[in-house]
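In what follows, chain A forms one complex with chain B and a second complex with chain C.
Let's turn to the complex of A and B:
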């Protein structure tokens, strides 16, 4: 029986950590993820989890702690946001290329300039090429479920994983949630038994050696392969999770897509607001749909392209600006995935929600309206757009 | 709101407990079996700065994750905000604004930018000083919003809050009685225009 509760997203992650009971948590606080190590360390202090909590002096050290612990054969977790993630940068690449399955709760927050504590995806999107798996959540329920699934995904794929949620919107928003019993979670994640690790005396090994040119590229190709191989692992874990909870997960969720004429693709909590717009527009007889991307790394190129091809025009939403002058990161990858297909939809980009700019049901109405205009005129217009910006020169 | 529920917006100042009251309201509504959202809007907050918090209370799961622009009820925890914040912006005229004030509701209407709906006041400062011994306006304001909105049955609300306070003030049991008195007094003393 599920345990009915009401929690913030940060509380939900801390509870997932207590249930998973990892060997090590290395942590340094940063808004809005601070509550995760706060709550979890109080669980440890109360004797509710047998985890070595290592309070360090920076995020660089938090990730170094996880790296060392994971290389030694321990299950290691951490949590961070924004500049904290940026300060881990060097280690993100080291952890991924050493194939260490560290699990990190990322509570998405804008990267500075001007300083801002609110939500967008610029922190984790910036880390998209670091070799980490990335899973995003719409709700507190999803971030809890994702965190539990992240452990077996990372360990089977031998890759580190970021479990992302929207700062403040879900991290500090309290809403209903169904928790899973402790023993079921423990059974689901199982014991971590790595094949090789630093402290395994039967098989001495070096971790993090220099990669000379004759070997470096083979390392990278294997690492790229591991991303590809993570695809079926993610689906296997999702199926096992569905058998336990009844809650279904995949690379993405399709909402009202079967007969849709236009659709949007987005990541995170805004998908919920978009679904409300879909419900209202459907009630008006408009055939609109929505695709919520859950897994961004590995990028589900082929299935996502197939899903987008159900419609005539698609708006791809980015809560991060790349300053590329050609759209945000999700847009570029999603649109590129359509290139080889014959009957593909128009694909346009909206940058939205930067630094906590609220996106409302009415904004999604406007986007769907724009998409209908595109199919009516058979012309995509400028594909690189903004929504929700107040400066009239840029509307 | 368009759905089967109620949307509430809280205006307060940092340190007055508006966020706590918002989360307590989510708690009590949750305990009656509803779907709830309770979330604060964060900025560079400090003690005394205006803050906003929101509740959605619905019969089915609510997908929306935006702020609330057309609330059914607005709670103003600090009367001085009426001069600097347009608290009734977007407020449903079939709803109400509930203000912490010792004034008669009609005396405040001029400060509400032409809002034509119901105006309610409760002297939360006096109630909390009389019952708790200090100015903690959020407890009486919570009772006032329950009374005015009818979102939760009053008897169930009182029973639930007693449990919540027992939990919240586990280490300060002397706080429970005063807070319970504050709630009951506020339920009886809300004035409506």
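Let's turn to the complex of A and C:
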């Protein structure tokens, strides 16, 4: 029997950690992820989890701790946000290239300039090329479920994983949640048994050697393959999770897509607001749908393209700028995945929600409205757009 | 997959290299010729050597092998030609000459 509770997303992650009981947590506090190590270290102090909690002096050291622990053969976790993630940058690449399955709760927060503590995806999107798996959540329930699935995914793929949630929106917002019994979680994640690790005395091992030019590229190609190979692993773990809980997960969720004429693709908590807009527009007879992307790394290029090509125009929503002058990161990858299709929808980018800017049901209404205008006139106009920003031209 | 570093070479494919560049055996640096960029070379003058053992711990590259309590000729596969051994030898038993190929 599932355990009904009401929890914030941060509490849910800390409880998942207690149930998983990793060997090591190296962590340094940063808003809005601070509560995760806070709650979890209190569980350890109360004897509820047998985890070595290593309080370090920076996020660089937090990730170094996880790297060392993981190479030694331990299951290692951490949590961070924003500038903390940025400060881990160097190690993100080292951990991924050494194929160490570190699990990190990322509570998404804007990167500084101007300084801001609220939610957007600039932190983890900035780390999108570091070789980490990335999974995003809409609700507190998904945050909890994703964190538990992350452990077997990372360990089977031998890749580190970021389990992302929206800062303050899910991390501090309290909602109803179904928890899984401790023993079931323990059984689901199993014991971590790497084939090789530094503390295995009968097997001398060196991790992180110098890769000279005649070898470096072969290792990178192998790393690229590991992302490809992670696709079926993610689905296998999701199926196993569904058998345990009845809750279904995939690379993305399709909402009212079967007969939709226009659709929207977004990541994270905004999908909830978007679904409300879909429901209201459906009640008015408008055929609108929504795709909520859960897995951003590896990018589910082919299935996502297939889902998007059901409609005539799709709005791709980015909660992060990439200052490329050609749209946000999700837009570029999602739109590029459509290129090989014969019949492709128009694809429009909306940058939204930066630094905690609210996105409302009305905003989604406007976006769907834009999409209907585009298909009516058969003209996408400027495909790189903003929504929710004050603009003198539209005063 | 588990390949020994000693089995890898510049023809090894990405499928053959070890996962995450792990090295599964010790002392693989012995296999790599790191002495090739030396411009100066120490020359062991066996007749002058008193086996005082001063040069051995001074070598930063462990390139002076010792067997049965006696130093042997230089390991030129790893010697970098820094000249420290020639400097510290109290008995002029090490010449230091230009490397000619």
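The rule is short, and it goes like this: the second predicted complex is superposed on the first by the 392 of 395 C-alpha atoms of A that agree within 3 Å, B and C clash if a C-alpha of one lies under 4 Å from a C-alpha of the other, contacts with A are read in each partner's own complex, and residues count from 1 in each chain.
Keep this in mind: a contact is a pair of C-beta atoms (placed from the backbone, for glycine too) under 8 Å apart; a residue touches a chain by one contact, two chains touch by 3 or more.
As the structure is a computational prediction, the values presented were derived from the model and not from experiment.
Chemist: Tell me which partner A:200 touches in the superposition: chain B (first), chain C (second), both or neither.
Modeler: Touch status of A:200: no partner.
Chemist: Now for A:215: first (chain B), second (chain C), both, or neither, which partner does it touch?
Modeler: second
Chemist: Would you sort A:248 into first (chain B), second (chain C), both or neither based on which partner it touches?
Modeler: Once the two structures are laid over each other on A, A:248 reaches no partner at all.
Chemist: Could you say whether A:240 touches chain B, chain C, both of them, or neither, answering first, second, both or neither?
Modeler: A:240 sits against neither chain B nor chain C.
Chemist: Does chain B (first) or chain C (second) touch A:169, or do both, or does neither?
Modeler: A:169 contacts chain B only, not chain C.
Chemist: Touching chain B in one complex and chain C in the other: list those residues of chain A.
Modeler: After superposing on chain A, no chain A residue contacts both chain B and chain C.
Chemist: Please give the residue numbers of chain A that touch chain C in the complex, ascending.
Modeler: 97-100, 158, 195-196, 203-209, 211, 214-215, 217-219, 221-222, 225
Chemist: Please name which positions on chain C make contact with chain A in the complex.
Modeler: 2, 8, 10, 12-17, 19-26, 28
Chemist: Quick one: in the complex, what on chain A touches chain B?
Modeler: Interface residues on chain A, with respect to chain B: 6, 32, 117-118, 138, 166, 168-170, 172-176, 269-270, 272-273, 275-276, 279-280, 356, 358-361.
Chemist: Using the touch definition from the top, list the residues of chain B that touch chain A in their complex.
Modeler: Against chain A, chain B makes touches at 2, 23, 26-27, 30, 35-44, 61, 63-67, 69.
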